[in-house]
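What follows is a pair of complexes built around chain A, which joins chain B in one and chain C in the other.
Then we have the complex of A and B:
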């Protein structure tokens, strides 16, 4: 560690910071979806990672299709693919809620088992369809490469793009939750389900919408993920634990908390990993989280009103 | 307007309401008096659809609604103000009111609400959970009002509220009945509030109505004695 000069250390810090930003983006998108679903209906969706993998596979499919049939569209397909990834994951979410989850409300252990089973089913479905080997979509050229603000700093463009995508989507989710009527119904249902029904809100419909929205966002997380890693059947499950960590650490009912905790965890891991090597970095971050949760069991940000 | 007949409702093994029937006429204010645990809340919750009925029928106009979920009954015209007010604590006052609306709320409705409850206008950007009990009660009434009810159902609106606000609420309810021409069902324990408000009063005891009186024969002492333990 002492072998680095001050300016080298600074460059490493910046670059690891940017690597952390990509991880932050994926974690934040995953956590947003998970927090919406958990906050809305108390369902812990263990299959959430597979919705992310679905989004990644959708991008891969689009990439392959475009390459084989319309190579001229290659520079543009990625943007459309993100939208398709959202729709595909949201539709699958709709189907899952309708066929499985809605029978299991208020039975947390059963939903845990059911969504875990679902995650296994989906993983095997991916394996049967796309093979066990990891796949990588061909990214458009404008996403490749990096710019160098100084000699020793390298900032990858795909990381910046994913970051921007995440910011836009987070903003859109915020607008939806806090400025639209459907978002208002969602927040009301979270706070008092029985009363929401008694004021004329169709809470079953709100649940379905929330579940499908959360899954759709996971699909976009998957699309973002393809720019920083290759997709395998179990890619999603590798992210699910970190995502839960983000949600618990941030406090479930708080958008700001989710953002802050995703940022903290991703940056912590990224920077620690460089200096302490892989696993030790994770251990350090986990220890930090355990200590903070002992002091603040309700998470970083919990809303303060009397009820 | 709203008519329930032969309602039986209970929790698990215990039956709370025994073949209860009641009907409220258009533009009538019906007050249901009873001590704690006699079945007032159970009755009102089953009217609104928060509790399933074991047997019996509930009709809104000509429509049978006993099997409909709560949100559909509300949309058909039953506005509900629950016991304990059940304001959404981390929504603002304005947002709390909006939860009851389908589609945009007309300016005239906002004006109506803020004329009835000026304090809500001052508090409109505050979180519902930070309001006092009386303010929350007014908010709960406003929230029910934007569902555009034909019948408004209120469960113990005076519970835990200071006397001056109780008078305001009685006045507001009469004003709502006059302006909106709707029927109102209120459950209560406070006799003075009932005297102020009711066109007709019922007394419920152990899940059955034991006394009924119209406003012109209203006898406060008789009702007090029925409520005494």
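Then we have the complex of A and C:
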């Protein structure tokens, strides 16, 4: 058995804490968009992962363009690319809502099939456009490497970046939902559609905006994940399970629930992975979630809605 | 599906070979001037990323064989089928190739799962499969020639080198969670513990597609193994190596040996994330020998300057050539005669140098190389073993 000094153990503790927080921000970022689409609107969007993949591909495109035409902009393009990813995913979301989702609001099973079909279409579109090979954009140097407060502690900068982005985005979504007129309309529509319509809220428009916003946020999440992993045509299907897990576990229609759920799952998984092994850690976390959902089927936090 | 005649010039200009009745007594798709073979890989689906290189290499080899006059005076025609990354589809297409098309040989499969799916079909319908991927071993069939390495060939010499060169005593084994990494790590653990008298300080597996390795990396930092032994595959690879780098585990500070990164994977991971790490493979694109120079040149001429060639791509290229040599040795396309004549067939123009089919187990004698990665995604070969005997059922390693 190796002997460890106190400072070594402390460094590992700090880095392990950071690993948990980093996983937390990834899960939260994945789930934010879906918290609006599924959590607020009740649309089971199985193509959500593909909107993330779209965001990632947008970053890849921007990276390639910048590299070929304006290499001087290389250190800065990433932030702009994230904004473009948002716009692209939101526009596609708008189109999808207009052409598909709006006909299916009261038919959850049909929505499930339709969005699954959409996810297959999008995956094939990615494969035809970008090829089957996984791609990684060239990231600016400031995003790579690690920050070393002491000799034995390495805090990855891309992790810090994703964390900061998650913080900003969560704050923005909260402000939008709870402090803006559009957010008020959205919550009103969720709570009582007929009454909202009666007092003059254009519920159709609210639906469209909400769906498009959720997709846009998924695009940003996908863009941010290019700092962590690669992107392939079926990346989206890798994200989708974790995404739904976070939203369902947190309780639908509750932003706080989504945050708490992402935090709980991330810390649980990171601790289990440390003390157990990789796959077993995941098994332990899933078992925990199943047990909790058996006791609380409505999820951690469920906002009370009059039925 | 598409049938392509990859032949330059007309059939009439061929030198006449021996009469069809003598070289084909079992009704295979052989005419007086052509012989039909099948190609069965995933051109679509998640495995397409990996299998594309094999498809290209096999077609290049067949084109070259045709240019050099074909086999027994006959040009090779290819029927291309897509297994679509789906194992039942592989079995179905294999049956179609053997029963309906009566192909004389099939070049194909990549994952063990697809090979296991088609194996009963090849054995029942008596076909011949040339399988290119390095794999976990524990298999042998009259109807399959394994042109990649089985696990002991790839693992043992690599670990020995680490123990000798790096004085490595402690190893951390990491893998994606499926049969190949688990079986390979089992062999690695036995060898480390029983032969090298070293210690395995950690062994763990992560689901395919896993992207968060923070906890694992902290454990590695805590255990400080002499060697990190990684068999991570697919999309996880990129995350794994990026996060190692971000956490300060880099080639100049730590020793990492992998058997799952070839030039193909390096392209996705990015050379900058791999610098200084080692791969154990039988082939690297940078191999410095005349055969390989010719091969790399021909491959790039056909598929573009940016094309990279990994271990499996080279092994796939061996398939059609080994088949040609075997058929010529047997003087017949009959499956039974080809299977019997395979023993001892030598291919001296192999890009990896020289290979020979084993006298009894249908695997290849081959060398193992250790390559060290550099920023351009190419590896510098540091070590080359003697020819290693294939041993698909290693005693004491199961």
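In this text, the second predicted complex is superposed on the first by the 278 of 307 C-alpha atoms of A that agree within 3 Å, B and C clash if a C-alpha of one lies under 4 Å from a C-alpha of the other, contacts with A are read in each partner's own complex, and residues count from 1 in each chain.
In this text, a residue touches a chain if its C-beta (ideal position, glycine included) is under 8 Å from a C-beta of that chain, and two chains touch if they have at least 3 such contacts.
Please read all numbers here as calculations on a predicted model, not as lab measurements.
With both structures placed on the common chain, the touch criterion links A:146 to chain C but leaves chain B unconnected. After overlaying the two complexes on the shared chain, residue contacts for A:197 are found with chain B alone; chain C is out of touch.
Contact with chain C, but none with chain B, is seen for A:157 once the two complexes are overlaid on the shared chain. Residue by residue along chain A, chain B and chain C are tallied for touches, and C comes out ahead. Chain B contributes residues 48-50, 69-71, 74-75, 80, 82, 86, 88-91, 95, 98-100, 102, 127-130, 143-144, 147 to its touches with chain A in the complex. Touching chain C in their complex are the following residues of chain A: 2, 4, 8, 12, 15-16, 18-20, 22-23, 26, 127, 132-136, 144-146, 148, 154, 156-159, 225, 228-230, 232, 234-235, 238, 269-271, 273-274, 277-279, 281-282. The part of chain A that touches chain B in the complex is made up of residues 181, 184-185, 187-188, 191-192, 194-203, 253, 303, 305-307. Contact residues of chain C toward chain A in the complex are 44, 46, 48-49, 52, 177, 203-207, 209-212, 214-219, 221-224, 235-239, 242-243, 245-248, 267-270.
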